[in-house]
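What follows is a set of structures for review.
Each of the next two complexes has chain A plus one more chain, namely chain B in the first and chain C in the second.
Coming up: the complex of A and B.
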């Protein structure tokens, strides 16, 4: 059956200052299709979709939906013409109830002469939540009583209850557990079955191939190609995204390397109330120690606890020389680095320059009798940002202008510049494209060769299998399994200990 | 079991119990210390009557405080609106008095909102500037003379007039928060202004509405204040600044108990608690300075117990 075009994008263009984020992109998406939209960080895929959804104004060109040219100024207008988006970060608002969040900006059906019928709104929201299978979420509750994933489910209901013609799913799955992902896939399939369309943005190429009909690729803001998902492999997509062959040197290829006997960090009976219990392990010199598990298993708290960032931690974290790590300044002073999973809120200062972000923990080292030499700071930042091949105009550029991958490079440049010997990297490649991923893996291997030790916390099993010398799997706040690096080690072995 | 406890802790009942416990605690302390001249039923009724005046202002402030804004011109508006109301009352009786206070109050809210929206500077700076201007305007309008409300126009000076008017104000607040979009949108703007904008909310419009509502309630507060005190004198030099804080204390209670979906009750009970503390010290014969120290301390303790972020959380 011939499908009819639902969305036609013609010569879509957008600039942010001197950055040409989307450059003359034209593509067509059919009704009843799930279209993957992929590209490296900074390729323009999010900017493109956010223009479609009214979050950004269109710089040039036009969108035509179902034969009608669109003139959208904000998200509500996009909703009104049948376009909805689920974003990667938190999209619900604190201080409102679940029902108020679902119908925010769309209260009219519940308004009578300016008076809001809260009861009717709550009942309708609850009906929708039940219909989606999220009945445990109560419409009248304050949204603040729910965790990130539940709030994401509320957002899914909000974006889809009105049966939009186009649903944009922008890297949402990274915020969801396996069950949440399955729910989202079901909703995407239902949208397609209803002859409506999904634009699915994800860095997980396996997920993209498994759940889309076709995939469009953007690179450096330009449209590259659209391929049928059934006709290509992940490597084909990587090639299209990056513009060259990639894959052979993606993960480490060495096996059977002996881990040094020298212990650099000892963690004993570390507990954080409601998060982790009696965590004990040793980190060896030159070791990449992986932590895996389901997203709520407590592994992310382990990273914070080691770095001294958990205020109510018990147990001990001790360095080889006997130094006890009880707070962040001590950790940094003794060469421990930490990159949080929540990059934008916990790892970088968004409204600051690359320079000031890079020099932050090294300021004391760079000062001369307490006085700072601005040129020295700039040179320091330039060197380490360049070493990390950060894509930037110069080090004075604000970090908020950078893509996710380049923000992560700034974080790593900071700690490499500090000369940290122990790096705790929580989800180091979260939301990062394949090219930067490859660069980060190469850097980790290089650091390992230099004798640095790395704790890599990851929700991506292939990453753990591909990079770690040893993997600790966590479940319900405790370590539930330990695996040594081995070519025969499979995803199933790890999953068995996770669930 | 722990889930049930968590659910209970998130419920409105838990909030009510917390408020009740605080009320009982402070009442109990002063009752034990000065059993003779504190806390009789008639005393409590008097404390309540004085506290509801501030509660009305606290309700108004709630609209802008949840949006992350602030207003230093509340005190100046109480003085100016009272004076305008009293002057008009001499010609038009109750109609002039009520409409003068409410009209002047709301107009000032409109001016503040418009200036804030168009100048694009922090609300604190706009309102400090306007406070100085309004204080001078009040002196000019009053002609440098103390304004006295005529004895026959003092229905709101005590019960039941003040209780009825304040009760109507609380009902209005309840209605706005629960049965209009304003409450939802103010909360949304305070939570994330950018997202709120993307949801199609006209942020500037709702900030303007917030300021107008605040000062409409300040107008009601002006009616109650000048009725209670019977006179109003216009003074300059930031002398109205101290009038900002008593209603604001109630607002803090309201914001803290928003999570229990009972901000109005919290504002009313919160102001009552502050009133009990004040009057408790008066009964003890403590000097005003000590009263202020302890009241400020009590506010910090109460808000810390109710609204404090978890240890390790970022508070600005």
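Coming up: the complex of A and C.
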């Protein structure tokens, strides 16, 4: 096939204050290819693609698309020259209908003398949705009626219906279930078949290798290399990303360890309306108990219920000593920690310093007869942030400036600092690069050794198989299967109970 | 070698830009503003504002707004807003005046309880019905303004001679300083300050960190009301009789003062206790200067509006911007 360069990036550069986010990156992407773009958190891949899409201004250098130099000032202009992006977090607007979201910024075809023809817009949107095979989403509905995943699908339609020359998919798959992912891959393949181009950003290296033609690697804002996907393995990619060999000790390697008889937490008949029904199980000392299932199966609510954070919970959560957990302060006081899947809203306060985030749950322990010693708080935060090897300037830095992996380190630092004995970790490695992932797994093993108990809720099956002593699979709000750690346990075994 | 010399100026510019964009510079802005306002006002009034007599007058206008601002500071740190100070001050002043004929301590207590009750109403609706403080306090502002007007329709409400005899600077200074010191202590050295800031920076995350968010919000509104009630006492000993205009527009005065003092209207992590003192002083000096320069009250409002607008535009933290709770 005759490939010609579609996009040429020359000496692209970007600084945020003292951070050199993208450092002199030059690369070329052909028409009709799916190009993976990988790198650790903070390697500059999102910044790079967001400059291309007009979300950030270009700090230096230039993009040339189809032989023409780009002068993009915002996302709409990028759209007009044929560049579209599906972003990592929520990219649809609440309070608008599905159709209004799809045609946001492109309402002209439906405007007659300044009046919007809503009917025509809805019909066109519905036609597109049907064409993509998402007919169950209704164009005239408010977008708020749909869950995170469906909203992502709407976003996909919005980004691709105009047939952009370049489609940027920025870590979209972390928000999607297996089905949603398959839909997305199909669309990516269609774009390629049409001799257009996809830039695919993901942390899931298996996925990257399976669905791209070539992969470009960034590290610390610098361009490292571009390789053909068929020529390399995941380990090769990891090595390029990290710049050194990643050890084989990724997951736990021990099998056949006996789980302690000692029960530390008992959950009995816990229900939350519309979420979970009659959940009962026991957590043992030193156990890593995995929860798996499809993203809507209710397992995320189980974490909240244990932590006393559910709004309308029935049933009981009791500790070994008989303490009943019914609200968050009680849970924290009795040594339960919780890291939410919704990290930015529930696990940490974004507009607050690392220091205050780390000390917040431990504030009563750090107070001396109700009085706080500010220096002691700073030392406490410094110690635990450093123990977690959080990448930061100092503890006064705001959490909003940190990358996903570093945010999660702050979350873990606060609970390690609190010394919690029972850790409920919901999607602990969501959107996190290999190096930090490895660190988190190592930490979990270490905590287990210390006799702490962990509930790990995860949508990633390999993670469950690799780390958990025991796995509970949920489906439609109830526990649908239980597995013990075993080397022969396969992904298929678990999936069978999920769907 | 060559490279180095070429890069030097741009690096300097970077540093300069980094400094002016930095939080430490933004934190300094109110202090710089205070000094600038003092100097400008001093020049424009030909030095009259810095005379001993003027300063005494100026000081006498600072006490009760500063006490009120201390309470509102906590409300705004939550990321909420309170528009009831004016009507609370009016109503509490009436209660204090009436009770002052029986017993002074009873009058003070009555004033504080009146304020606390109004704060409790605000807090209750804010917490239990999840209504935005903005909406509730505008409603309660009108409500209690109405009550005030009703109670002062016939004639102004006089206070007893005994309470007027207390109009002495040492007492007012003592009360104001005591309020500031206690509030500063609670804000900086106890869990209260931490909790209030945490709710302001991110309520959901604060709840998940074990902060009793509802309790904190309710108590802050009650405390703000109670402090306004205490301020009403200082007001009564100064003015002696209460008319329907008592505390009129106090809420906007306090809001402007705190924002001039550098308090981000979004609340949260970047508030500083000094915002209260610097802001109230700035507002009072500005106000007095404009009066002394002989501006009409309409022109004064115009100028204050422009300065307020400039300050908000300069100091607001656009990253944390969201609807005020």
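The rule is short, and it goes like this: the second predicted complex is superposed on the first by the 497 of 499 C-alpha atoms of A that agree within 3 Å, B and C clash if a C-alpha of one lies under 4 Å from a C-alpha of the other, contacts with A are read in each partner's own complex, and residues count from 1 in each chain.
Everything that follows uses one rule, which is that contacts are C-beta pairs under 8 Å (C-beta built on N, C-alpha and C of every residue); 3 or more make two chains touch, one makes a residue touch a chain.
As the structure is a prediction and not an experimental result, all values here were calculated from the model.
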(request) For A:26, select first, second, both or neither according to whether it touches chain B, chain C, the two together, or no partner. (result) neither
(message) Per the contact definition in the header, classify A:107: touching chain B only (first), chain C only (second), both, or neither.
(response) first
(message) Between chain B and chain C, whom does A:116 touch in the aligned arrangement: first, second, both, or neither?
(response) first
(request) Return first, second, both or neither, reflecting whether A:77 touches chain B, chain C, both chains, or no partner chain. (result) first
(message) Between chain B and chain C, whom does A:314 touch in the aligned arrangement: first, second, both, or neither?
(response) neither
(request) Return first, second, both or neither, reflecting whether A:130 touches chain B, chain C, both chains, or no partner chain. (result) neither
(message) If we overlay the two complexes on their shared chain A, which of chain B and chain C does A:62 touch? Say first, second, both or neither.
(response) neither
(message) By the touch definition at the top of the document, which applies to A:54: first (chain B), second (chain C), both, or neither?
(response) first
(request) Answer with first, second, both or neither: which of chain B and chain C does A:233 touch in the superposed model? (result) neither
(message) I'd like to check the shared interface: which positions of chain A are touched by both chain B and chain C across the two complexes?
(response) 309
(message) Quick check on the complex: what are the chain C residues that touch chain A?
(response) 18, 21, 188-191, 194, 197-198, 201-202, 204-212, 268-269, 319-320
(request) Give every residue of chain A touching chain C within the complex, in rising order. (result) 17-18, 307, 309, 328-329, 331-333, 338, 340, 345-353, 356-357, 359-361, 363-364, 367, 370-372, 374, 398, 400, 414
(message) Quick check on the complex: what are the chain B residues that touch chain A?
(response) 10, 66, 178-181, 184, 187-188, 190-192, 195-201, 258-259, 261, 311-312
(message) Under the stated contact criterion, what part of chain A meets chain B in this complex?
(response) 54-55, 74-77, 91, 93-96, 100, 104-105, 107, 111, 114-118, 141-142, 144-145, 309-312
